[in-house]
Amino acid sequence: MLRFTTAGESHGQALVGVLEGIPAGLPLLAEHIDEQLKRRQQGYGRGRRMQIEQDAVELLSGVRAGETIGSPIAMLIRNRDWKNWQETMDPAPRPEDPKRKRAVTRVRPGHADLTGLLKYDRVDARDILERASARETTARVAIAAVCRRFLAEFGVRIGSHVVQLGDVSTTRPEPMPDDINAAADGSPLRTLDAEAEQRMIARIDAVKADGNTLGGIAEVVATGVCVGLGSHTAWDPKLDGRIGGNG
Amino acid sequence: MLRFTTAGESHGQALVGVLEGIPAGLPLLAEHIDEQLKRRQQGYGRGRRMQIEQDAVELLSGVRAGETIGSPIAMLIRNRDWKNWQETMDPAPRPEDPKRKRAVTRVRPGHADLTGLLKYDRVDARDILERASARETTARVAIAAVCRRFLAEFGVRIGSHVVQLGDVSTTRPEPMPDDINAAADGSPLRTLDAEAEQRMIARIDAVKADGNTLGGIAEVVATGVCVGLGSHTAWDPKLDGRIGGNG
Amino acid sequence: MLRFTTAGESHGQALVGVLEGIPAGLPLLAEHIDEQLKRRQQGYGRGRRMQIEQDAVELLSGVRAGETIGSPIAMLIRNRDWKNWQETMDPAPRPEDPKRKRAVTRVRPGHADLTGLLKYDRVDARDILERASARETTARVAIAAVCRRFLAEFGVRIGSHVVQLGDVSTTRPEPMPDDINAAADGSPLRTLDAEAEQRMIARIDAVKADGNTLGGIAEVVATGVCVGLGSHTAWDPKLDGRIGGNG
Amino acid sequence: MLRFTTAGESHGQALVGVLEGIPAGLPLLAEHIDEQLKRRQQGYGRGRRMQIEQDAVELLSGVRAGETIGSPIAMLIRNRDWKNWQETMDPAPRPEDPKRKRAVTRVRPGHADLTGLLKYDRVDARDILERASARETTARVAIAAVCRRFLAEFGVRIGSHVVQLGDVSTTRPEPMPDDINAAADGSPLRTLDAEAEQRMIARIDAVKADGNTLGGIAEVVATGVCVGLGSHTAWDPKLDGRIGGNG
């Protein structure tokens, strides 16, 4: 069975992902993963961070001579900005400077800051937000890239595109492009409707000026999937529940 | 940690639910569970089955003298219609009648019939639909009734109501009723908007005449919940993921 | 994946076992299970209980017309002595008799009584010992009987015999009998060394007269097993760890 | 709940351990872990490897300013010999040298080599033995060191000593030393019986000359443990099963 774990703070030394259960003998190169990490860093209206980081994976284990060997695949993705954050995020105590650097004491609405401070009994919200961060998804993208590589052996292909942003809906192209990701990656908003995209961008710029953000809906399409994933026999293996639970 | 399992076919002898991890010393009566089982059997436009069954739980284990004792709580809910289905659903083979009774060979769209037949390599879709059935939720309602009883000790109350059916949306009452379930149970559609309800009923009747069904949205409201359920620290303990995954 | 749960008190109404993950299409009769339940009730020096109970399984779900259908297999084994224990073990409160019947307040050394009372905050050790009882294994034997039936399809056969009791060791027969269980079941102590058995019986009688018991070692032999069960790749799938953990 | 994962090959770039569930606010320094890593590298008759490696942990995440913050603790322990093994163990393919370096094609009895080759369908047993290696325990010792640090907050102390090696048994000191580990670490075989130790060493030297090894028994003693770890209520939370299963 596949299982995975991630670790790492947003401005820590590195992000770590460990994936267990991939069979031996799968051809796997760092390039397969870096390609997906790069795709993650694109997009309109995203933070400055995306320009700083150019993520590259280091395969620490589980891969030898370009092939998996069955053991856990540990992946390290260094935070390039670490040198500027080491003082703030150092695991070792710094007695000469008892006050923590860059402490965050004003919690942000809509974030895990306040809940995290209460649950974990912290005073500096940085202890929470460093982990409750979009940067955490980097390790998951790396893990998913290995799974994607594995599924490709069986002809399974996964693509996604944005179908709604705020109140702007898209019209689906007819027929859908053969390679959805290739088509969507050509758009800064990853949508397949160029006309709607213009209105989306206008909406983003407008709410950004107000200091606000927008939600949306993305559609994920998997082709070549075999019949019978999930099961009706119990409450927890149902496929929609597993997808809804990210698990 | 809490964990639970359900078993039982829709027209089998009984449904079974096992709940583990409820602490000892919780006052618990069969009535607490039957009350929720009864609530489950109400509602406009539901099947004839609801009239046949009047569910009553038998507490087989884990409860003594009206209190939990810490061991697994096994619950049995008999299917009252079993006598009419025993021949069809008997676990023992019936060599004198090699053809199965009431075999289902026309799979229904939108159901697990076809996928289940392929995945489990069956020829009679009854082997699938008997488990992929709304009746399975009976055991989950029984399990949830125990959890509800447990949460009540901490002042946590959970209520739900229908906020959309097909294209009919509701207006939320202002303020919300103190006991949402009591208010919603008074409506055949479990909605708090009497005006919208009339339109929902008209829509149900119309699509039913076409041999169709409607989807909808229900809102679940929990009050008295402590801060910090779930966690931001990993991909799987996030609260929305756990709720989305029914787990 | 296979998973299972058991429930039920020693003098409660019934024992319950639920087994999930057995594929559809496995021929399975109640007799397959009852045969193993009967084997469980044999043996020299065991309690009077064994004579009272003659266990018989009721297959509540997951089996139809003599074949599994892929859904959870719920099994019920009634406690025949229930009528004599209903007052003591009734899940409902009995207000007319506030003191519990047959309360146990002298904890037994070497049992879970004391630890259980402290952990679960009970005053009557019956709340603990009813579950921490050899009778609980009945449900596990029923579950294992289904697994045994499944493994037989692949030519895997599992047998066991006692190789040591107290300080009495056995000599292994050379060669081992083809059907270890058939041979061992012929012995009241389930040993394959008739000479050692006489000394074991003498030892049991001696310690029993002192109000004591004896430990021992049983060997379980599985034949026809495929190569590669378990895995070296992580700490938890190792086969000896899984066997040692009963999991 | 605590959970952990390890990754890393014996001669790979590094070993990785990830521990999740340690509460925030625990004082934790790399020294706490290094001290246990050093203890792991002692002992009579162990391999040359122990002299090469002087393990030091890098805390990649989950710790800030000398305190845990609640997020996963990722630990990296580099293999100092990596420079000599990079060609052999490189994750990237080396097309110029299609034959793998240092391939192992003679499987060793008593090791995972043969089973692993068959299960994972490999031809070079190095793909197996690099993971099925005592070096894997390094990451587990690091993880356990954090748990040990955590338990120390509650006055729980864990010590161990060798009580048997081959056929040489020890006599327990009376009373046991207050700090068992401190006493045992003073012995090359980690036994508290100096006289037996001499005989153990003689036995090791003798079998080593024959190209053989010896098994033994170690006793682990935990003091300050609260009542009620584990539970009698189900088959899997029983404490002895969890210890036996390393889980």
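So that you can tell them apart, the chains are marked A, B, C and D in the order they are listed, and the count of residues begins at 1 in each.
We adopt the following convention: contacts are C-beta pairs under 8 Å (C-beta built on N, C-alpha and C of every residue); 3 or more make two chains touch, one makes a residue touch a chain.
The structure presented is a predicted model; accordingly, all values stated were derived computationally and were not measured.
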Discussion item. Looking at chain pairs A-B and B-D, which one is connected by more C-beta pairs in contact?
Written reply: A-B
Practice prompt. Could you give the separation in Å between the centres of chain A and chain D, each centre being the mean of its C-alpha atoms?
Written response: 33
Fill in: Intercentroid distance (Cα basis), chain D paired with chain B, Å
47
Practice prompt. Can you check how far apart chain A and chain B are, centre to centre, with Cα atoms defining each centre and the answer in Å?
Written response: 34
Fill in: Residues of chain A engaged with two or more neighbouring chains
5-6, 20, 70-72, 116, 119, 128, 131, 231, 233-234
Item to complete: Classify the chain contact graph as line, ring, star, complete or other.
Response: complete
Practice prompt. In the complex, go through chain A and note every residue touching chain B.
Written response: 4-6, 112, 115-116, 118-119, 128, 131-132, 140, 227-228, 231-236, 238, 241-242, 244-247
Fill in: In the complex, chain B residues that touch chain C
3, 5-9, 12-16, 18, 20, 23-25, 29-30, 58-67, 69-74, 76, 89-94, 100, 116, 119-122, 127-128, 130-131
Practice prompt. Provide the residue numbers of chain A that touch chain C in the complex, in ascending order.
Written response: 1, 20, 70-72, 231, 233-234
